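There are two complexes below, and they share chain A, which is joined by chain B in the first and by chain C in the second.
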Partner chain A sequence: METKQHETKSFSLPLGPIHVALEEPMYFKLELEGERVKHVDITSGHVHRGMELLATKRNFFQNVVLTERVCSLCSNSHPLTYCLAVENLAGIQVSPKAQALRVLAEEIKRTASHLFNVAILAHIIGYKSLFMHVMEVREIMQDVKETVYGNRMDLAANCIGGVKYSVNLELIEFIEKSLVRTEKHIKEIIDIYATDKMILRRTTNVGRISAEDVIKYGLVGPVARGSNVRIDTRKTAPYLIYDQLDFDMITETGCDVHSRAMVRLRETLESIKIIKQIIRNIPEGELNTLLPHIPAGEAMARSEAPRGELFYYVRTDGTDMPLRLKWRVPSYMNWDALEVMMKDCEVADVSLIVNSIDPCVSCTER
Partner chain B sequence: MSQTRNNVFDEIKNTFAQTDFPPLTWTTNNYNNLYAWLKLENPSQLTEAAKILQSLQARLCTITAYTEDRSNAAKQKAIAYHFAIHDILFCVTVQIYDKETLEPLAVPSITPYFRNADWNEREFMEMYNIKIIDHPNPKRLFLDERLDAGIMTQLIPFSSMVHGTGSRNLWEQVMLEKMGYVPESYKAALQEPEFTKVEETKKEAPKPQTEEKE
Partner chain C sequence: MFKFLKVLVKNILQGPATEAFPLQPAKTPDRFRGRVTLNPDLCVGCGICSHVCSGDAIRIIPNEEKTGYHYTVWYNSCCLCGSCTYYCPTKAITMTNNWHNSHKQDDKFKMAEHHFIPYLKCDGCGAPIRLLPPHLATRIYAHSPVDIEKIIRLCPSCRQIATAERQGELNESNPE
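Take a look at the complex of A and B:
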């Protein structure tokens, strides 16, 4: 009996910028050999808004509002890091109470953001019931945001010199109860992601990036930690009161989509641990200070946003508007590293790998 | 300072003390984070600085291009390179114009030492119209090829972009007329335009397309 030799065909496959498999508008030109991706070319710029230029036309106070609108998922990290940069420049002291409340907002956002990402992972692999369940658990944190801050995404918690909100006993009780519910569910979810055969089959050894490549591409956040590279600004260059809190830096060694998801899931438990410490011991003091004159100069600041290190640079000339405001988000390097993660992957895994970097295109393009 | 940071601090200080670069400036913030600042004299020193920073296991955080004053036409551009070495942030600043003629200078790419400089350099090439020497992949990052490089340094007011200024002029004319004052420059604009008269012809009612049956 004759057997036919099937030739492997090479062709290009355009994906995006608007595609049902993509969470964010980005154009991928995939060079394929059969079902395997041999090369990926990324074209971005579809949501570039010129926000950095706009920031130089706004005063320091207005830019707190502007930076909160760079992105929704890490909307608290942007104004926080911007405020840290301006405070570094002007030498503004933030009270311990305001620092604690800033950390509280950050960790509530991180928990919701991480849960959203792992929920999308389940959605992509077709595990709809798990997707719905994780989103439902995330909804508890969304309720916390809405109850404490009055909004589900943009919290408006930060101002230069402190915060714009406080929590009373009633709110603390509500947060505590919500954490108990969330923690119980997250532990179950972690168990599912760690052991479910369908999840393991789709995510293990997919989208691999070695620790050497993580360092070479300057990657940060759960993507770096998923390849066992220990970078977490909260630990490596502590700010606010992070050095006084008890929590662990989470790392995994698999270097794949599964490891990155597990880092995020395990980090939600660390965030809950931090939130519990904060609400049990909120220091007394002022919430904020008067905005002083911002002198001419330059300053840098960074924080650990849900996706990794967020960097801000501000340059001033003594007026009430920055001469230059630059920010670099973790997704910026992570997009570039997709060429490594997608090398030799199957076409069906492309959207899964893109999701594993927890991409944010509005942050990247600004 | 922790022992590790002390060691890193000493290593950075000693390494740069052996070079011809200007002395480093050190600052700190309220959270005891340490910052080092280096101002290079010209862009040709960048390659050497990048080489040293790579040997110190620095990670490139980002690169910021900027103009030194607010003027849209500012020729005095500069670049700040931001690195992280352990927990220390290290900023290298360089002016990229000739101090006498203000003519722009090209900048060597640091991608051979820091792979993630690729996107950063491409971004400031298109946003600030800065020339890069030996970039491995000098294509556009965000802006379409049809747009001029450096266009983002210009502010185009939204009202101008959507011809909102036309509406404003019209409104001012109407208000001035109401007040009984019509400046000479507006008179011509306020005159009714002359149209060619066209004699009206009586149109016949259209005939039905199907003939009515008797």
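Take a look at the complex of A and C:
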């Protein structure tokens, strides 16, 4: 049989909006030369739901619930930052107890979110059994959420002026027990991700982005920290009681998919450290201010969501509905850098690189 | 690879991580936010639940004769956020940990809880009022020498008059 001479052809390949390795709809038009990606065009807007307009048709209390449903994985960061913005506007002081409980909810969500992303990485490279194992470990945190808050994803922990829930001794013991289990498993998982040859071969030196490019593109969260850029809103602009807590900002120097995964994994341990400090020392005090009046004005707030800095802006006119509610999510900056990360990568690595920025499409397109 | 094999063996020995529902009951935490339920005896019809409800699942509509109001919670519009329960002053509306909400398409309009809650006539002027739940009244008037049984059956204006009369009697008997 005559063997065809291999030649490098240029062609364009559509990827998405529905694709096995992407959790959410995102459309990529890839210009390829053989197996190498030469150019990438990103089209978004498939899950635009008009939520910012919806927010101006609802009162302040209903918007806490609406913002919680922007995205499932950062479903605590959105209402928290929204509440922080409204509280800044109305000058509401949140009690130390409520602040501690807010941090508790944030860090439980962060642990689950990071584990989810790292599990998907294993799923994409075809390491299904590891994927299942990491998801099972994440399930411990899901059980914590279900037991303490009453739901696996939407915690409904925040309300304007404080929090809606409290924890009793029994729940604290349950959280503590679950943390011990999770920590043990995560240490094992970190060891596997750091040394497993299959993972290393697929993820190191893939999707590289230099620290200069990180700053140029304004990247945030684990993507920036994976390129050794020290940005973390919890450290650089502390909110709630983060300045009183002992935890480290995790950075890696690899600048690739692997270092971003390692940042996430090591951050889960930091989150567990924070949760332990909180549950040992929950201050006494009021949980919230019931039904406060929101005056006219404008305010903003920012916080560190699992994917990076989350920003909320609110403008009001003294009625019970906001005039404008605007949010900027971390994925908005991060997915712009995909064109840098995907430059000259193999076509098989595209979904891996997309996953490495932990894109939250429903947040970005709301 | 070897490290993960160890984990795999451990997981195999551990057995399945999933629950055998529906063959066995699934574990549901007490705090689980499931189907909403209303205790009509405690409801005062203040409407805060429908004000904070983001799914627009709660309807409070007075009947034509103004003898009471219809209270309806639609399970399929409810997003289980728990705001109504949280803001309800009398804790009349609560969340159960019942998550069995699946139903046939034909039954979708039956997926609601409905109550007709009658008004009470004010003992003073006959205006329609809702009875203040006695457990709340005992807290409100804990340090007041009023007859709770009597005062909770009065409308706000008749209550004012009753208070003024009582104060007047007190002043007369105690001129200093």
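Heads up, the rule we're going with is that the second predicted complex is superposed on the first by the 360 of 366 C-alpha atoms of A that agree within 3 Å, B and C clash if a C-alpha of one lies under 4 Å from a C-alpha of the other, contacts with A are read in each partner's own complex, and residues count from 1 in each chain.
Quick note on the criterion: contacts are C-beta pairs under 8 Å (C-beta built on N, C-alpha and C of every residue); 3 or more make two chains touch, one makes a residue touch a chain.
Quick caveat, the model's predicted, so the values are computed rather than measured.
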item: Touched partner set for A:151, first chain B, second chain C, both or neither; value: second
item: Which of chain B and chain C A:191 touches, first, second, both or neither; value: second
item: Partner chain in contact with A:239 - chain B first, chain C second, else both or neither; value: first
item: Partner chain in contact with A:65 - chain B first, chain C second, else both or neither; value: second
item: First (chain B), second (chain C), both or neither touched by A:176; value: neither
item: Chain B versus chain C as contact partner of A:248, first or second or both or neither; value: neither
item: First (chain B), second (chain C), both or neither touched by A:139; value: second
item: Touching residues (chain side chain A, partner chain B) in the complex; value: 44-45, 48, 50, 53, 56-57, 87-88, 91, 93-94, 215-218, 236-240, 298, 300-302, 309, 311, 313, 315, 317, 323-324, 326, 328, 332-333, 335-336, 365
item: Chain A-facing residues of chain B, complex; value: 29-31, 33, 35, 59-62, 64, 66-67, 69-70, 80, 82, 84, 86-87, 89, 91, 114-116, 118-119, 140-144, 152-153, 155
item: Residue numbers on chain A that touch chain C, as the complex places them; value: 58-59, 61-66, 68-69, 129-130, 133, 136, 139, 146-151, 154, 156, 159, 164, 188, 191-192, 195-198, 290-291
item: Touch list for chain C against partner chain A, complex; value: 1, 3-4, 7-8, 11, 17, 29, 31-33, 51-55, 79-83, 86-87, 95, 97
